[in-house]
Every structure is written in C-alpha cells, then in structure tokens.
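After this come two complexes, each holding chain A, first together with chain B and then together with chain C.
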Partner chain A sequence: MAASSAEAASPTARTGPNHGLRIFLIWLPIAVIADWLLYFVYGPHMPPGTMSTSAASQQFDIKVMSVLAAPVFAFVVVYAGYAFIVWRHREGDDTDGPPIYGHARIQATWITISAVIVLCLAAFGTYELGAFGQSSLAGAGAGEGPSPIWKPNGTPLQIQVIAQQWRFTYRYPQYGGFETTALYLPVGQPIQFNVTSIDVIHDFWAYQLGVKADANPGVNNIAYTTVEHTGTFEVRCDELCGLWHGAMFNQGNVVSVAAFQAWAHKTEIKLASVTKMLPAYATSYDPTTIAQLNKAMVKAGIAGANGYYYPPQDPVQP
Partner chain B sequence: MALPARIVTLVVAFLAVAALAVFVVVHYFLFSPPTVTFGAGVTADTGATVHVVLQEDPQNTVSTHPDWVSYFIQDPTTHKWVHTTIFKVPAGSRIDVTIYGYDGCTPLRNPYFGKVTGTIGGVEYVNGKPYSQLDSWSACHVGHTFSIPGINLNVPMATPDLSATLCGVSPCTTASPHRTVTFSFNSPTATGTYFWQCRVPCGGGFIDGFGGPMQTIGFMTGNMEVVS
Partner chain C sequence: MAIETQPERAQGAGGGLPAEGGGGRPWWARPAIHTAIVGAVVGYLLGHALGDYLTGATGAANQYPNVPLSDSEDWPIVLGYTLAIIGWLAGLGVFNDILRQMVGRPISGNGRAHQNSGLARFFRYELDHKVVGIQYLVGMIIYFCTAGLLAMAMRTELLSPVNHVFTSQVYIEIVGEHGTMMMMLMTSVIVGPFGNYLVPIMIGSKRVAFPRIEALSFWLTPMAFLILLSGFMLGGFPFGWTGYAPLSIQATVGADSYAVAFGLMGVSVALAGFNIIVTVICYRAPGMRWGRLPMFVWSMVSTSFLFVLAAPVLFAGMYMLIMDRTAQTAFFEDSLGGSSYLYENVFWFFGHPEVYILALPGFGIVSELIPVFCRKPLFAYKVAGAGMIGVSLLSFFVWQHHLFDSGINPDMRPLFMVTTELISIPTGFIYLVALGTFWKAKIRFRVPMLFCIAMYFNFLIGGISGVYLSDVPADTTEHGSFFVMAHFHYTIMGGLIFAFMAGIYYWLPKMTGIKLNEKLGLWHFWIMFIAFNSTFLPLFAVGDAGQPRRVFEYATNLQGLNDWVSISSYFLGFSILLFVINFVWSTVIVREREVGNPWQSRGLEWQVSSPPPADNFDQIPVVLSSPYDYGVKDAQPVADLHPPAGVVTAAIMSADAARVEA
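For the complex of A and B:
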C-alpha cells in the first residue's frame, strides 16, 4: 500500500524542478560565507579569549563547533525559506501534497551523517581535553578530580583554592603555605589549581583563563593551565551557594615570573604570623576537627573529650 | 452545583490565591529591616568622622526567632538599639566602629579570618588593647566577625570569658559580660551598597552553621549603604 502510494507520487515529483539541487545551490554559498565569518572574523573574539592555553583551546573548540553547526543551521533556514516560498499555498489550489511514507536512502544518509559528526566530535573532544602531544593543555582547564588523568610536563606551581561562603582564599604551599585573598599567577608557567571547599559546594571559575572546577568539601579537585599573557582576569563562584553567592568574586592578576616571585616572597614574610594560625597544608580540610582547640576547651572544661564545640543537634558535615 | 454556587466558589478561590500571592510578595520581597543612618548632616568625601555602634548577642528576644544570634545597631539619635543590620554612612569618611560582643565563642571555619584587615592601622582594639589578629583555634575567644568583603574589611570579635554567664535578654546591656571591640576604617568614595557578614558558622541548627541568621538580613548579615 505504502509502496504503491510512493510510486504514485514519484512521477509527479520527477516532472517538477530539481528542488534538492536548488536548495543545495542556495545553501552552499551561505554556509561557506557563514563559516568563513565565524572562524576568521568573529572567531578570534569568541569567549573565553586566549589568555591561557586552556582558554585558547576552548576558543578553538568553540570555533570548530560553530563551523560545524553553522551549515546545519543554514540548511534548516534555507530549507524552511524555500518551502515557504516555493511550496506555499496558492489561491484555488485545494489539493493535498503527495504523501510520503519513508525513504530509505534519505534515512540512511541522515543517520550516517549524524553518527559521523557525533563520533568525530567525541574523538575531537577527547583529544582536546587531553591535548595529546601538547601537555600544557592537560585537561583543558577543567577540574579533573583528585587523580588527574592528564597532567602537564614539569613541576607546576601549586595554588590551593579554598572556597567558603562567600569568598575565595588562596594558599601557596610552595611558599610556606601562606593564605591570602589575593590571587597572583606567573605568566608562562604551568599552574595546578587544587580546588576545595570548607563548607558547601562552590565552583571556581577563572573565566578568562578557561579554568572551571567544582569546589566540594573534603575533595581536592585539580585543574591545570598555563597563562600566556599578563593582565587581570575575573574569578567567580559558579555554583549557587547561598545569600551572597552573587557577590562571591574577585580579580586575579597575571604578572611576570620575577614580579610573582617578589610578591610571593614578600607576602610569605608579611603573613608569617597568620600562617602560624592556619592548619598544616592539606589537600582538603575538615574544620569541625580542630585538635589544638579541642585540647584548650577540654582543659577549660567547656567541651567533652571529643571537643564537640558545636551544639549536639547541629549537623557538622554537609 | 448551581451556577451561583459555582461563581461564589470561583471568586473565593481566586481571592485566596491572590491573598497568598500578596502575602508572599509583602512578607518575603518587600519586608526589610529598618535602616539606621549615621552621619546625617555630614558632608561626604571630607574625611569627617562618623561613629557607628553595634552589639552582637547570643540570642535575640525581639523577633520570631528568639534563639538566633543577632547583631543590633544603636540609633545615633535616640541611642536605642534597633534590631537591624542595615546602616547608612557618608562616602569618603572615617568610620569609627564600636561593637559590644556579648556572645560566646565558636571557632572560625577558616582561621585565616582571624586576621584583621581593612582597618586604619591594620588593628582592632579589644577592651582598648590593639590586636592585628585573633587565633580562634588556639583558644576559644572569637565569637563572630564583622566583615565587609567589598572593602576587604575583616574584624574578628572577641568573646567574654569562657566561664561567663552570657546575656539572656536582648538587646544586652553593658552590665552583662562582654568585650568591647573598636576599630576604624575609611568608607569608600564610591557610593553604593556593600554587604557585610559574619564568618563564624554561628547559625546553630543549620547545616554547616551558615543557614538561618547567617543568611538573613537583620541578624548576622546586612548592608552598609554608602551615600553621597
């Protein structure tokens, strides 16, 4: 029944103009021009920019995605426009269009093309994430968890990001473990962000660096990047974390290696007395366990042997 | 159901929904604690001195949440304590702050915030004695902080002795055990609203302590409105 209907419709289709060729000829220049504009004109200005290797990598990925998506979008628009114009309803024409009951060649074509695009993007995405052969792009700025699969060459500068309601603080373990609210990075050196939280879930998003990693209590989420240009960048919390989530941001600074070392040494000395108050550097912290306070409170008769200084009915862990 | 009954039911249901919507808007979106104005008549950006006085209590007995810790602000005109955390100061002025700390100790979640920042001279005075930091982990003598992140101001609040019986009725009076913390800072020249908060997890009964009063304006967080 379906075959006979399709056969009945096909002679009519053959006698008309070659719509497929027309649509293709309209679509092709539009797609080529759109791709050229997207890649070469708008592409260099696409977010997140090129301040770091990971940002540049992400910009390249977005450019590639745009170049792939633009022809598809153009085809949909061209096809719809063509249909509206050529196959529009005409005065006095009350006949139905030819029925269509499936077309194996078209179905096979779009399934094959879709599958190829998706598989190629999966391979491309995996390659870009790992940046095989370009180890400075390890992980492309994403949080890789406590045991990263992709690591950069050499010994990166360690910076611990501690998120708390509603501010980020930063520890520099290779400089005595001082902690500060200022974020300074050296240009051209691989950096390892160790991201954690001491209360609820936050997210460390250094936008212009293309670095983004969840900050979870009790977890060390590692992200790598190498900054290629000096300047400033914005850090924001990207996980709704309470009343002042919207105000949880700060500015980071990328300076020369010499300027960074001068700042780090100066800050290490300046904050030495504060560093003594801090817990020993660790990949994560449990602020409900404070050994020295426990001793002091037990000695003062304030707490029990477990040093439980929060009321018993309060949950102490998220 | 008869037509009149249907109409009445429909109208009543509509009015009930409308009343609920109005209640939600008024109660949750339009309600705001009062604003206390300091330095009325002071010309902004002249460096004039303005005195701001607050107290932090272990509870408050003036709200529907009597077990919540809370700040109070003293009205400079009437000298009465107002249950609010919103205050107004002139831009470009020297702000001298006095905070009476009546609440007991709780350790800071991050001891880094035991460091005094953003004050003139980088110090606070506890009962007249200068400190540049308070270690809340070596001994339990920090109750709260007064922190305005927008101007990098952070001042830990010292607590009464561990053995003291804390004030039980708010607003507390200086007859109750307390520490007097004073410090000064310069209000920004840029006008606007700067939020402030406490960094000690003092919202007892809430997960991690940062719920309830910690996230409710009028209790342990609020706004400093800087005006021209």
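For the complex of A and C:
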C-alpha cells in the first residue's frame, strides 16, 4: 500500500506547483517569529515568574515547551489552511482525488521527528528535576514525599505547612516549633517545606515561589526552593478540600535574613505560652492530637478559614 | 472465525417480551420504562428499610454503630440504591428470559424486530442493536445537556469573585455533579449510539454478539444518571469527580450517590465493551479482513479494550469507597492504617485510560469521515490503526502523572514523564493521517466535515497543552489549576463532543432516514466553534495566573478574564440549544427524507437502505474492497450484498480449514 503511493504522488508533483515547498516557506517565517516572540518577548513574563529557583526552573520549562509547541502548532494550521484553500472542492467537479494510500518516507520522517522531540523533552524534563546532580533544581519545587531524592546543598530552613479545613498554619521547628498563620521566609537560603494535613488532602501552592506539594494526612511531603527576591507571594490550596476550598489562601512574605531572624525570635517569645500547649513537633500529626492543636490555635487567636472575604465564624464543618 | 450463518434461528433482533407475545396483555402490564420506574421505587424503599433495620434506626440492635468516619444513614442509602437498580432491571424484564431458562421454559427473545416497530420499542428492553443505538443517542444528548446546564450555572457563579449567586454548598454540589456526570456518562457518548448501531453494519453482520448484554449496558445508564442526580437531594458531594479520600469518606450521604452511580457506570461500559470486542472478532462478514476494517471500528475495538480493562478498576475503587463509608473498613483512611494514596492510584489507574476512552472514539469518527469528504483514500491506514492501538496500550502506563505533586514515588517521576510524552507519538499519527488525506484532496466543507476539522484544531491545542502537563517542572505550576481544566475540556469537549456532532450530522440520515437541516447545522457549527474557543482558550491564562480549579471565589484581578469566559459559555450553551432545536425540528416536525447515500460514501453501512432493514442485510454480504478506495479507477464495489449461493458457506469452510491447518 505505502509503496505504490510514492509513485502516485510524484507525477502530479511534476506538473503542478511544489506544494510542499510552498507550505514550508509559509510555515518557516511564522515558526521563527512565533518562537522569537515566545522566548525573548513574552518569555521573561511567563508564569510563575522568577522569584525563586524553582519558579525560574518552571518558567524555563514552560518557555522551552512553548518554543517547541509553536512550530508544531503552526505547521498543522498552515498545512491545513493551505489545503483548505488550494484543495477545496470546486463547484461542478465530481471527480475524486488521487488514490494516495500512504508514503513510506513521509510516514517514517513524521514518526522519527515526533519520537526525537518527545525523547528530548523527556530527557530535558528529567534534567530539570535535578536528576543529574543539579542541586539548585532540587525537584523543581514539586512535593517529593517523606524521603526526597533531589535535595539542595547546605542546611535548609525548615518550615512545616499544616493544612486543615480551611486554613494553612506554619510551624518553625528550628525556632522552638511555634505555630502561626504568618509565613515569613528569608531570601537567598534554601527552604524546606514539610507539608502535611490533619484532615483531608489539600495542596500547598506558593504560586510565585513555584512550590506545589499535596498535603496528605499522615504524610510528610517535602518540597524545596530557594527564594531569590524579597516581596510577597500568594499561597492557595490547590486540591479540592470541601466547601471553602476557594477561601483557603493567604499571603507569604520574603524578607532579608536579618529581618527574618528578628521576626522569628520575636514570634517565638510572643507565642511561647501557646507553643507549650501544642503537641511536640512531628512530621505528621495523629488525629488524637488535633483537639490539642486546635485548642492552642484558639488561644493564639487563630480560627476559621483564612479567606479574606469571610468572618471566621462562617465556615462550618461538613 | 465464527461467522453467523443462521442469525434468524440463533438470535433474532427482537425484544425481550414475554412468550405470550406483546399483544396478549395491555400496554401497561408489559415490561417497559414505567414498570422499571415502579420496580426502582419499590426496590429503593425495600433497600432503605433494610438499611434502617441493619443500622438500628428501627429499634433493632445497632450492629454498625455510628463512628465519625461516616453517617449512619449510609447503609439505608446504599442498600436503597442497590435494590433500586435491581428493581429497575426487573421492571424492565431483564431477568425474564434468565428465569425462564432456569425453569426450563422457552425464552421469548425470538420475536423479530420488525414485529415490534413503533415508538414504544425505544422505551423497552429491546434487543435490536439499532434500537439500542437510538436509545443511547437520545440518552446521551439528555445527559450531556443536563451536565452542560450545570456548567453554565458554575460559570454564572464565577461572574464575580466576591458576590454570590449560590451558596458555597450549592456551588460545590454543582461542581461535583457536572464533573462526574460528564466524565462517567460521556464515556459512552460515541460508543453507545454509533458503536452499537454502526459496528455490526460496518462489519457486515446481522447482529451483535450479545444483544442482551448490549441492551443491559444501555439500561444501566439512565439509572446511573438518576442516582447521581439524586445526590442533589442528599446534599451533594464536595469532592468533584475525582472523589479523593478521605474527603469522600468524610462527606455526607450525597457521596453515596457518587460512588454507586460511578461504579454502576463502570459495569455498563465494561459490558458494552465486551460485546463490541466479541462482535468485531467473531461477526465480520467474509472478506472483511482486519486490513479492511473501517477506522471507526478500529477505534471502537481499542476503546472497548480500555473499557473492559479499566472499568473493573473503577468498580473496585468505588466498592472500597462504599465499604469505607458503610462497613467502616479503612482502605483509604490514614488514621486507621489505610492510605489515601491507594485511592489516588486506583482512581487514576482507571482515570487515565478513561481519558483516552474519551479521545479514541473521536479519532475514529474523524478518521472515518475525512476520506469521504476529501474524496481520497485514508492516508496511511496502518499508521492510523497503530496509533489507536498504541494510545490504548500506553494509556495504562501513565497514571502517576496526575500525582506528580502528591509526594508519591519521586523516583518514578522520570519514568512517568517519559511514558506520558511517548503517548504523543501515536496521538500524532492521527494528525499524520489527516494531513496526508488532505494532500491534493477535493475537500467538501459539509457540516460533518467542518466538525471534523474543528475537532483536529481543538484537539491540537488540547494535545499540545497536555505535553506541558507531562513535564514535572511545568506541571508543578499548572497542576490543579484552570490550565488543566482548559486542557481536558479541549480534548474532551473540543475533541470528543465535536466528533460526536460530526457523527450525528453524518450518520443521522443513516439511522433515521431523516436529514438534519444543513443551514441550522452551519449556524450551530460556527457558533459552537467560536464560543468553545472563546470559553476555554482564556482559561489557560487564568490557570497560569494562579487560579486553582473548583474555587468558589478567586483573585479579584482575574475577574475580567473570568467574565469573558462566563459570557462565552452562554453562547456555547446557545449553540447546543440550536443543535437540540435542529435535532427536534428535523426529526420530529419536518422529517425531510434522505434515503440515499447523501455523502457518496463507500462505507458498507451506506450500501443498505436508510434506516437499514431489520436484519441489516438480506444476506450476509461478501466484502470485496476497502471502504476508502476513492478515486481508484475501476474500483470494486465495497461489498457484494447478494453473493451467489454458496459463496458465504465456502468462505466459512475455507476459514475453518485455515484454522484447522493453523
């Protein structure tokens, strides 16, 4: 089948214009311009920005994917558009098209090119995880579970993220294990988020930091990043967790190392009485300790969803 | 190969009426939809009472004390649903023949289909695959429109980030109902109507392999639909279509409607797939070699394999979930030794093949239709078939890409990244085939062809955005956001549903002998195509800007984009309304006959009258050539519909002989 078509295609090609060349010449400038725009003009503004190492690596991946995707998309659209204009059915023409059943070389070329693109992408994605010793990439900000395999160099600052319906609280084990809803990070230091949940599955998504890790009950899900610029960032719950899932968000702050130390020491002292009531710091919490946790939270004045639009008494447990 | 030579004796296409015959009893005493409803209500009440008894609500000993994991009401609800399903089927007469056989009385299914003509047969447990196809078609349109209305309700709520149309409780119920209804029922949106109706005709068979199983697969869908919808009366469920535990264990009784309906739908598709696989393997006419099988049939076979292999996993997952909620097992409850990862793995081991269940039938329709409208053979037939088989095989090896941020198995991420990206190679074959077929074609832009072209366009965007999600770093930004939501709406709504529309405009003249109004069809197409893209393209940006899925409220700076999307979604809904108007107007009011072969198709299904005769073919045809031999000089007809006596028998003898030698 495939072999016979090659001959069927060539005689017509001699008499008519070279459609393949035309399509290529229309496609090439479109692909080049689209790639240039995507990489150099729009690229630096692509999500999720460059606030941290993991955000930057995600942005770079999205940029690379876009640069590969645009020519593929453009090729199919240009080819189809050309076909619809040039090879459309003309009024009064009742004949059929040429019986082309296939074309071995074109088929082989298509399969080879798509396989090469795909395998390169897979190798690229694996590299971007830090699988080849790139410690700065450290799993690209994705939650790696209790025993991470891609880690940054040095001793990271540990922050435990405790998710529950419907708020995030944060514990700082290196500062006496106090718990608060305020999220402060120092700039330029590797940070280790230990994400866990005390009820259902949530997801800790620090958008501008490029950190996303599911909060599973009973599991310590570790994600790394190093923040490179001071400023604020959004934290949102990214896994449907019930009624007020959409209201489960807050803001984090990235400050200088000195400012962070000052804040941490001050808060440690301020919350000392609450910290004493808390269960001892652990990578995950048994449901039996939840009542204890909540009692402490009430004393610290933290209750209800952390959403901006709701007074704390609004959300009710389902 | 087992070729059916005596279909009349083996299994008529007729209905499951009692042996006394339909005429003997008044209409209301014959099993049909109304007796099924009675059966379902009686069954529900019985089951509920039984559940109340077991849980002690009626004063009996409380054998299953209420523990915080679930409500004590779960037993009555689950048992009520279960007995309602059985009552529904009993009311339909599904068990009649089985019981007759058990007591040694003759079964009644030998009545011929044309003796049961008339509208009433569409409301009965009817064994003719053509009736089942029409039942599926109407059912699927109803299910799709219901779930579509729920989607528009969601978009109405999202018009404003802070002002509310619904309470958060109602909103989350709508989210769950929309998602689950679409994902569980649209699995059959093409296999049900077109697979059941057309596959036997396309392969030159008078019947399907298992007419009872096929009819049963349809009659489970209205029950799944109603059970799911009844969740609204039980307070709904707050966990979307994925039902992640432990939220789904914590949820109130509405969650039982989700688990029972989804599990039931798993049974339905497994049965439907089983029937199609056996039909295609065993009931092909002489000369219908694998290399001549229409591409649509290839897609039905590959989808059916996914049905049969993936749906039992879903059923198991739903069963464990129900057990966790009722019998207080702890498969998924971390604090009692279970694991929420188990649910995630089970769900996506089914869920990812399901995504391809929602893609392959669309590939099948577009690949089947473009040769007809290009007036050229399908380019690279074998590559197209290999693409479908490759997609279905690989789809079982990619499920953990849904769990890249879950913390599970970080060392497996490169593996699942590569398998996920590999799947774009066979998917790309579908585009190679399309572009090759367009080459030097004579493309006729009729309504079905326009829908096919739109499907290729939409699925291209859906497919390319899917590659972003396969890459762990890029996925870490996009996972769980509106980007994912836009991506799979592009593949399912933009791919599957556009292909479904192409199929309706193309095959409705075949199935009913009536053609849809072409002018309204053009309006429907253009509004749907533009509104679809206008609705879902901005959602990629919304997701990349940081808006998670299924939220009730969102960042105020994203209101502009969200409003644009919501308003576009109304136009999309309007286009579907146009379609429904066209469908009803053309088939009920105008009824413009279209008995010939309006598309000059070579497909075997177009060689018989429209609608086809009761037995599809007067005689088993002998297939002579490929259905795609357009433009071939002196091409053979696709089949000999009246082969000389003895030819079919000889073909069977030689097939048998070949089998003996082998």
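One rule holds for everything that comes next: the second predicted complex is superposed on the first by the 272 of 318 C-alpha atoms of A that agree within 3 Å, B and C clash if a C-alpha of one lies under 4 Å from a C-alpha of the other, contacts with A are read in each partner's own complex, and residues count from 1 in each chain.
In this section, a residue touches a chain if its C-beta (ideal position, glycine included) is under 8 Å from a C-beta of that chain, and two chains touch if they have at least 3 such contacts.
Since this is a predicted model, take the numbers as computed values, not measurements.
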Exercise. In the superposed arrangement, which partner chain does A:Ala247 touch: chain B (first), chain C (second), both, or neither?
Worked result: both
For this session: With the two complexes superposed on chain A, say which partner A:Pro287 touches: chain B (first), chain C (second), both, or neither.
Result: both
Seminar exercise, completed: Winner on chain A touched-residue count between chain B and chain C: chain C
For this session: Identify the partner contact of A:Ile162: answer first if only chain B is touched, second if only chain C is, both if each is, neither if none is.
Result: first
Exercise. Thinking of the overlay built on chain A, is A:Val78 touched by chain B (first), by chain C (second), by both, or by neither?
Worked result: neither
Exercise. Just chain B (first), just chain C (second), both, or neither: which does A:Ile62 touch?
Worked result: second
For this session: Scan A:Glu234 for contacts with chain B and chain C and give back first, second, both or neither.
Result: second
For this session: Applying the touch criterion given at the start, work out whether A:Val200 contacts chain B, chain C, both or neither, answering first, second, both or neither.
Result: both
Problem set entry | chain B versus chain C as contact partner of A:Pro98, first or second or both or neither | second
Problem set entry | Which superposed partner A:Gly143 touches (first chain B, second chain C, both, neither) | second
Exercise. Can you pull the chain A residues that chain B and chain C both touch?
Worked result: 199-200, 242-244, 247, 287, 309, 318
Problem set entry | chain A partner contacts - residues on chain C that touch it in the complex | 162, 168-169, 172, 175, 238-240, 242, 244, 246-247, 250-252, 334-335, 340-341, 374-383, 404-411, 413-414, 417-418, 421-422, 424-425, 428-429, 431-432, 434-436, 438-445, 453, 456-457, 460-461, 464, 467-468, 470-477, 479-481, 544-546, 548-555, 629-632
For this session: Give every residue of chain A touching chain B within the complex, in rising order.
Result: 162, 164-167, 169, 179, 181, 198-200, 242-244, 247, 271, 273-274, 277-279, 287, 290, 292-293, 296-297, 300, 302, 309-311, 313-316, 318
For this session: Would you tell me which residues of chain A are touching chain C in their complex?
Result: 1-2, 9, 12, 19, 46-48, 54, 57-58, 60-62, 65, 69, 72-73, 76-77, 79-80, 83-84, 87-90, 93, 95-103, 106-107, 110-111, 114-115, 118-119, 121-122, 124-126, 128-129, 131, 139-146, 148-150, 195, 199-201, 203, 205, 207, 210-214, 216-219, 221-222, 234, 236-247, 286-287, 307, 309, 318
Problem set entry | chain B residues touching chain A - in the complex, by the definition given at the top | 105-107, 109-112, 114-115, 132-133, 135-140, 149-150, 152, 162-163, 195, 197, 199, 201, 204-210, 214-216, 221
